[in-house]
Structure formats: C-alpha cells, structure tokens
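Chain lettering (A, B, C and D) follows the sequence in which the chains are written, and residue indices restart at 1 in each chain.
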Amino acid sequence: MNRINVNFCGVEFKNPVIPASGTFGYGREYEQFYPLSKLGGISVKGTTLHRREGNPGPRVAETPSGMLNSVGLQNGGVDKFINYELPNLVTKDTRIIANIAGSTIEECAELAEKLNGTAVDMIELNISCPNVKQGGAAFGTDCNVAGAVTKAVKDVTEKPLMVKLSPNVTSIVDIAKSVEANGADAVSLINTLLGMRIDIRTRRPILKNNVGGLSGPAVFPVAVRMVWQVANAVKIPVMGMGGIATWEDAIEMMMAGAGAVQVGAAIFADPYAPVKIAEGMQKFCEDNGINNISEIVGTVKPW
Amino acid sequence: MYKQGKYPIVSKKTLAKGIFDIEIYCPHIAKAAKAGQFAQVQAEGFFLRRPISICDINKDKGTIRLVFEVRGHGTDKISELNKGDLVDIIAPLGNGFKVLDKGKKAVCIGGGIGTPPMVGIAKEYGENATVISGFRNAAAVILQEDFKAMGCDVQLCTDDGSAGRKGFVTDALLDVLKSEKPDIVYACGPMIMLKNITKICEENGIYCQVSLEQRMACGVGACLVCVCRTVKDGQEFNSHVCKDGPVFDSEEVVFDE
Amino acid sequence: MNRINVNFCGVEFKNPVIPASGTFGYGREYEQFYPLSKLGGISVKGTTLHRREGNPGPRVAETPSGMLNSVGLQNGGVDKFINYELPNLVTKDTRIIANIAGSTIEECAELAEKLNGTAVDMIELNISCPNVKQGGAAFGTDCNVAGAVTKAVKDVTEKPLMVKLSPNVTSIVDIAKSVEANGADAVSLINTLLGMRIDIRTRRPILKNNVGGLSGPAVFPVAVRMVWQVANAVKIPVMGMGGIATWEDAIEMMMAGAGAVQVGAAIFADPYAPVKIAEGMQKFCEDNGINNISEIVGTVKPW
Amino acid sequence: MYKQGKYPIVSKKTLAKGIFDIEIYCPHIAKAAKAGQFAQVQAEGFFLRRPISICDINKDKGTIRLVFEVRGHGTDKISELNKGDLVDIIAPLGNGFKVLDKGKKAVCIGGGIGTPPMVGIAKEYGENATVISGFRNAAAVILQEDFKAMGCDVQLCTDDGSAGRKGFVTDALLDVLKSEKPDIVYACGPMIMLKNITKICEENGIYCQVSLEQRMACGVGACLVCVCRTVKDGQEFNSHVCKDGPVFDSEEVVFDE
C-alpha cells in the first residue's frame, strides 16, 4: 500500500519527494539512473521569458556540508520549455512544476500566461534567486513587491500558484503572509542563502559572480526553522526544502510543517537521494503504523 | 548509462610525489567507458564529488584506472583509500575523445596532471601515436613506461630539462609537425597550453580535440554549473564541461584573453 | 618576528585570533590546555546587568558541520564579572573584550558605564542574540533601534565600542551603516543564524527553547559574504566570525575585510583551534613574505 | 588537567548487540582519571564530540575503557574504529564519584547503558560493593563477569526476567536495604530510575550519588549548554553536567515532575 501519496494544493503527488528547481534540469540526465516515475514530481530548472546564458564560470564553490552556486538562471526560455522539454516530461508519469522567474512583474505574468493550457501541474514563482541582478531576490525581500508580483501572476494563471521565498530576509513570515494575502495557493522555501568563498592563493572569489547561493545540509536547520515559522503563520500549504539529504531530514521537514519536500544539492552527492528518501518515508510509515505520510505534517509539538 | 556505486580498489600505486594511481574493479563501467571520459569520485566528508579522468580501461579485467594528484583536501582524502577499500564513483561521464579509423596517426599531448587521460586514447593508436608529455621536472614525470609499452613514440619535456628535453610541449609538437602531419591531436593540460596547441593546429590545418576542466557539482549535465564558453557558426554560447565535454573540438573553445 | 600582531580599533592585539563570546567562558577551562597569553584576546561570555539563569535544557543540537545553541545569556551579572572574573583575566596577558547585552537601551548604557574604569580593553555590544526574548535580536534587526542603542552606549562609554550584528536580516549593510553613523568604533559579525532541529521519534524540538542559533563551519560562507559586504560599506574596522575552524578560514575572512577574527564553535571540536589558527597565520605570513597580517585585510579582488 | 589527543585503541570487543568495549592507550589520561569521569570522543565527520563515561581505568597499563551503545550516527561511526586505530578524545572530564574510606559499603546501580561507569567505582569497593544492574532482557546484559571478578555481590535484573530476577533495580535495592544499610549508593541510568533511587535513599537516610546525562558541546564547562537543575540550601539554580557533574549528590538534583 502506498502510504506516501499526498495532495498538495489540490494536486495529487504519488509521493512528496520532488527534485528542487535547478538541480535536476528537466530530468533527462537522471533518467539514466532511474525512471522519473519514481518521483513525486519535478520542479524544473528556472524558466525565463527569453533564453538566458546565465553567469560566467566558475559557478560552484564547495563549502562545509554544502555548496554555493551562481548559475544565474541559465535556461532556454519558456518557449523552448513548452515546445521541447514539456512534451518529453509529460510522458514520464510524474508531476511537473514549472519554476518561473522574471525581471519585471509584467514578465512574470507573461510567463505564467504562456503556461496556461499546457500540461504543467503547478507554477512555482521564484521571487528569490540570489544570482540575478533584476527581479529574483529583489522581489523576494520586500513584502509589497512580493505581494504585487504574486497578485499579477495569480490574476492570469489557471494553475495552482506556489511562490518560492528567499531566506535572506529579516522576517520570512511577513513575506509569506503577504504572498498569501495576494492569492498564492502555496509557498515553497527556502531558496539559497547568499554566501561567498575566496581562494586565498589568488585572493579572488571562487565564483566569478563573487557571491552565490548556499544550499545543502549546512542550511537544513535554517530551513526547518523557516518552514516551521511560516507553516504556523499561513493557512496555505508549504513545500519545504533546504538541505534535505535523507528520509529522516524529509520527515523532520514535514513535521515542521511541510506538506511536501524538494531535494536539491543532495542529488549531486547521491543521484538516488530522492528515490531513497521516498522509500525511507514509506518504510517509516509502515514501521510506525502511519496510514499516510500527510498525518505527520506539522505535528511537531513545541515546548 | 551512468552508473553510481561503491567499487573495490584492486591496486594502488604512487607514481610520483602526491600522484596516485588506483585501479577500480567496476565491470559495468569498464565495459561502457571510452577514453577521455571521467568519473565523479566521492571524497569522504566532502559534499561535492571530485572529477577525475579515466586514465585507462581494461575491459577484460573489468577495471578502470584513475591517476590523480593531491591538490587539496578532497583529493588528499581520496588518496587515503587503499587496496581493498571501496570507492564511491559515478561513471562513465562526459563524451570522451573521438577515435579515428585504424591506421590514422595521432599526437597525444599531456601537460602535468593532464597526462593521464592520454593513456587511454594513445592506446587506441598504439604505434601510430606520438605522445608528448610535459612536466615541471624529472620528479614529476609519470606514465612514460605505459606509453612505451603501448608502442607509442614517446617524447618527454620538462620545464627545467631535468628529464627529456627542456622546454614546452608546444616546442615538441612543432618539431613533430616538421616531419609529419598527424590526422588528429589530443591535448589535456593547463588552459594556456591548450590555447597554444589549438593555435598551432589551426595554423597547420590539423583536427584537434582538447579536454577541459571546470568546477562541477552534478557531473551529469543537470545543474549547469560547469560552464565553458564555446563557439559554433560564429555564435558564442555556454557549454557544459561535464556533458558537452570534457572533450571539445579545439576550434569550438573560446579561450579567454 | 611576530607578523600577526594587529591594531584593531586602537587596541593592540598580539594576534588577531580571539575566542568568540559564549564559547570560551572566561578562559578558566581552556587554560588547562594552554596559557591564555597565546590568544590575541578573549571575548567573554555575554554579560547582563543582573544574573541570568538562561534557558532550560537541552540547549544544544548538532547539525551538519555545525550546531544550534539556546543558552540564552546565562551569566552571573556584570558585578560578578567585574569583581570575580576580571581580576583573574587581567593577569593573563591577553586583551579582554567585554560582551554585553541588555533588554532595554538604558540597561545597555548602564552596563557600559559600569565597565568604565575597569581593565576591559573593548566593549562588544551584542544586539543580536537570537536566544532571548527582549533586547537581543530585536535590537539587531531594526536600523533605528540598532542606531539608538549604539548611540546610548557610545555616549557613556570610555572604551572602544564594537557592535555585534545579527545575520538574520535582509540587509546587514544597512544595520552596519546605522551603527557606524551612531558612533560605533567597530562592528563584529556574524552572530548565529536562527535555526531549529526536531527529534523525529518524539516529534519535539531538540532544543527546549524550540529554536536556537546556528554556528560552526556550516555558516562560514554566509559570514564571509556578510563581512565582505559590510567591510565595503563602512569605514570602521570589522571583526569577522562565523564558522572559522582553520587558519585558511581565518585568512579568507581577513581577505574578505576582517581586521581580526573570532573563533567560536570550532573550539568545541578542537580546544586548540585558536592557537593553531594563530600559528598557521604566522606561518602563512612567513611563507608568503608578508610582513604583517594586516596587509591582507580586505585584499580580495572581486571579479 | 584536561588532555586532548589521538590515542590508539589497544583492544575492542562487542559486549552485546550494538554495545562495544574499547580500551585506549593514553597513559597521562589514565593516570589522572577517576571513576565516574568521562571522555569527549570525536566521531569522524560529526561536529560535536560524544560524551562517554570512563568505564574502567588501568593505571598500570596506561589504559582506559569506554563501553558504549550505538544510539545514533555518531556512536555508529565510533563503533567502526578498530584495534590499532587512533581515537581523538578529550579526557578526563567531569568530577567523578566520591570514594569513601576503605571498609565502607557501597551499592552501585546501573540501568542499561548506565552500567559501564559502575565498573570503575565498584572496583574501589571490591567485596564491599553490591552491584545491581538492570537490562531489558538477557541479550542486553553486559559487564556482569567484570563485577564478579572484582568480588562484588552481583545482582542482575531484567525487565522480562530472561536473566537474573525479573523486575526493576529499585526492587533489588529495596531487598538489599532489608538486610544492610550501605554507606553510599551510586547510580547511573534513565532519569526515572535515578529519581526513584534518590527517593529510596532519602527515605532510608543513605548518601547517594547519581551520574546525569545532558547534550554537550565543549565538555569542559565553558559553553554552558549542558544545563541541569540543581538545588542547594533551598535555592534552585542551573548546574552544568560536564563540569559540576556528571556526578551529583542526589539530594541536589531537581527531577522534573
């Protein structure tokens, strides 16, 4: 019996484990390891209106239990996504979350409109990319702007709208409330924490972009805290991510309040991580007499 | 088909100070692997895997060889593995070198720790390969016996002349070109070396493939961090070393000024 | 030749390595490993006006490459510090940084006044403790309040005043500028990132305080980024900390812009960490022909 | 004087499923150590050290013994260490048990993995010690031969009666008290057990020391994370298990309701 299927925001996922945007491409590469149907869904690489080349390399730096990236939303543009990636993805028997990012509010809305009528199951509006100059984090760190962009997209989209929040803020709860008030159907968090590494031999930042986004197990406790705070402050569902590497982490994130989880950087260390996490969750339910994993969501009892 | 798994190390050697040679028993990988591809090697305690070229493939024994230099903490950790230990790798990754038809002549050029991937490709050409390798000094020289055993014409250069000829691999290449025009040149090493070899090959109308390096995360083409600038039909764009490479036709690579 | 003595904010330190507040007590315990004179200075446990019992236990949770703590400023009060700890510390031939925290602006000023005329070399005003309800982070996340408390302390203190900043903010640069404008002689950063861990067996937060402050190597890239940003935005010196565990880390932090560094959680893993870091820095200078470590401060060249 | 260092493991045994016994050669630590003190043990790849009680000290051989159960990832990692490997420890830490004059009688009570620290203290009393230990079942029983070899009166309890008597260590303690009044009781184990023993000792006017557990960071008294509630002269206050303890006079401990 499948004990880990979840209904998140009206969408049925066969399990709550979804590779995080930007860490899994469109699934083509990882399909060489396992069928994509093993995944609850895929949050595809951030898509912009037009093709983007992204930032110059190096774009990655290792950190203790984590990594920085400064990809900068390299992607082929929304039309290529719709015409080339989506037709392939729909054959994979898994949910498709389109992660979109614009440099203006209008662009975000236009992107969402383009995805109307497609096979996309859900939109994840990224207002938190630390690696682009316009839009991105600038949208995600101001309550009013975050609300405005949410509203603009909600007004045009026919898909469930999930807004992806930045952790680089004083109060992620305020941002979450603002996007909820402006019509978001769900929030996902956290995007990456802004960080930097320097090569002490060359006295140069390792990333050509100087700074980049921190992800991986290092950020897990920050992510759990933010998911817990946000889940307690909003009524819409929360998709939790940030540093999840094991099924225990995923359970912890769900107990903190996440209705489903995304797994990102951990995939680089172990391509099978999302599959192992789903399997671990199923076994956890069996071992603990839990009929469905949804029963544990938000069950942490604070002291 | 990529494989990920923990595979036993069947032999380990030290080739020079800080340079190690491990042979890994992984029959499925060995069967699928081609010269010029690489492995993503896990270093215990480190988050990202380390890309290491497949130096040589023994399909009969079901093994691959990785030759690597300790450059930082991660490779240091990998160097602590011994015969009998398991090493966690993802392989074979990347595109590998293009192999020309039997009888064609190749020049294989390795600079320093760029030399190991030349073993696998030189083997494809045997006596039809000229192998030029360059090192800082005699103490850093590796793999020369391997090339000789394969029947290659072996030309060794060192920066200080303490072994082989004194000078750069490009000098040796120019000398080779005086007497014959190879059908292909393969090169791996520092960017400046690749750039100069590319120039020479262009001027001489020789097809040349270079193996590039870039910092990586996924190693399979999904995360887009391992970017390099390439050009096709006059159009510059980003390619990714792990999937589009590590081997590129030299004319497609944009070398920074 | 000592190549690692630094003048930070007018105070001469024999080396730039200082155990971070709250991780070294008053040095009594670590003196059993090495003489305190090996240290550039000591930032003592956060001191409040009155004795504080702190939060209930458990107060610590392990995280990947780091830890959460929720001590909550347990200390014996400023009078005990002055009468019992300080007389002992002054005999140790190292600099003494008094880390102070108040729950009101007046309390902060009163604390600073009490330290006038004592042997304390410098004041570190902690406006960033995530583990107390009043004061603490509440002061550190609002530019105006941060400025006001800085000014109140600066008005009464005769010591160099360093203000310790919270990383749990949208713009640490804005806070740094505000405390600079209000008279801070230096800033120190970062304090801990707010995080949480849950015991999935008991479904309870591991910390009795539910949330706690994240420190250790996991936060290092965030700290380097913040130090770099702040050092480029203010003219006063920056004391860098957050995840430093090796001499390479310390050099990286100084290249990012720190005039001196504090080492905290790494001491729990290796009590000798501060001493090894200072030795490594000295050797780094010797190996690289650097006459004094101060020459590397802020020398990272962005792309 | 605390010592930190990497010391060789000279022997390793499995005492029960998931329970390991390692003997470490560290003469300076062995010389300074007292029964009831503990070591902060590094688990490779983990940030915080794990506190483990010193089970036994052999000053002649210069060794200490640590007996620990695999409870999570860190202790699992430590359990992978083998004879000949080095283990990084800080020790001896904490206050240790108070030892009464020769001839006094002690009862030493260990519950489950609280049993190991009883070895060192029972040794001080030899035939004058009664050792009561309690385990879930026969498969979990450890260290009984050690106590017997020291001449102690050994009383074994299991929850299910599969070895020794069925029942709690407190039942056994009450039985002992029927026939004699010891001068001191030492106890280590779950909080509920310590609380009940404390109550019995109080009612019978017997001096009792208990060894507590708390999550730790520094292990030496500097970071103040390892808090426990204690009381003296009617005044409640925070003590720290690593420095003020782990051994406390039972009357000073505030047991939660």
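Things worth noting here:
FYI, a contact is a pair of C-beta atoms (placed from the backbone, for glycine too) under 8 Å apart; a residue touches a chain by one contact, two chains touch by 3 or more.
These numbers were taken from a predicted model, which means no experiment stands behind them.
Averaged C-alpha coordinates put the centre of chain A at 47 Å from the centre of chain D.
Distance from the chain A centre to the chain C centre is 34 Å, each centre being the mean of its Cα atoms. Our note on geometry: chain A versus chain B, Cα centroid distance of 36 Å, whole angstroms. Annotation for chain D: no residues touch 2 or more other chains.
For chain C, the set of residues touching two or more other chains reads 61, 63-66, 216-217.
Arrangement of the chains shown, judged by which pairs touch: one closed cycle in which each chain has exactly two touching partners. Here the chains touching each other pair up as A-B, A-C, B-D, C-D. By the touch rule above, chain D contacts chain B in their complex via residues 44-45. Touching chain D in their complex are the following residues of chain C: 22-25, 28-30, 32-33, 45, 53-54, 56-67, 69, 71, 74, 206, 216-217, 265, 267-272. Residues 1-2, 4, 42, 46-49, 74, 90, 214-229, 237-238, 243 of chain D touch chain C in their complex. Interface of chain C with chain A (complex): residues 61, 63-66, 68, 141, 168-170, 193-198, 200, 203-205, 208-211, 214, 216-222, 224-225, 228, 243, 245, 248, 251-252, 255-256, 296, 299-303.
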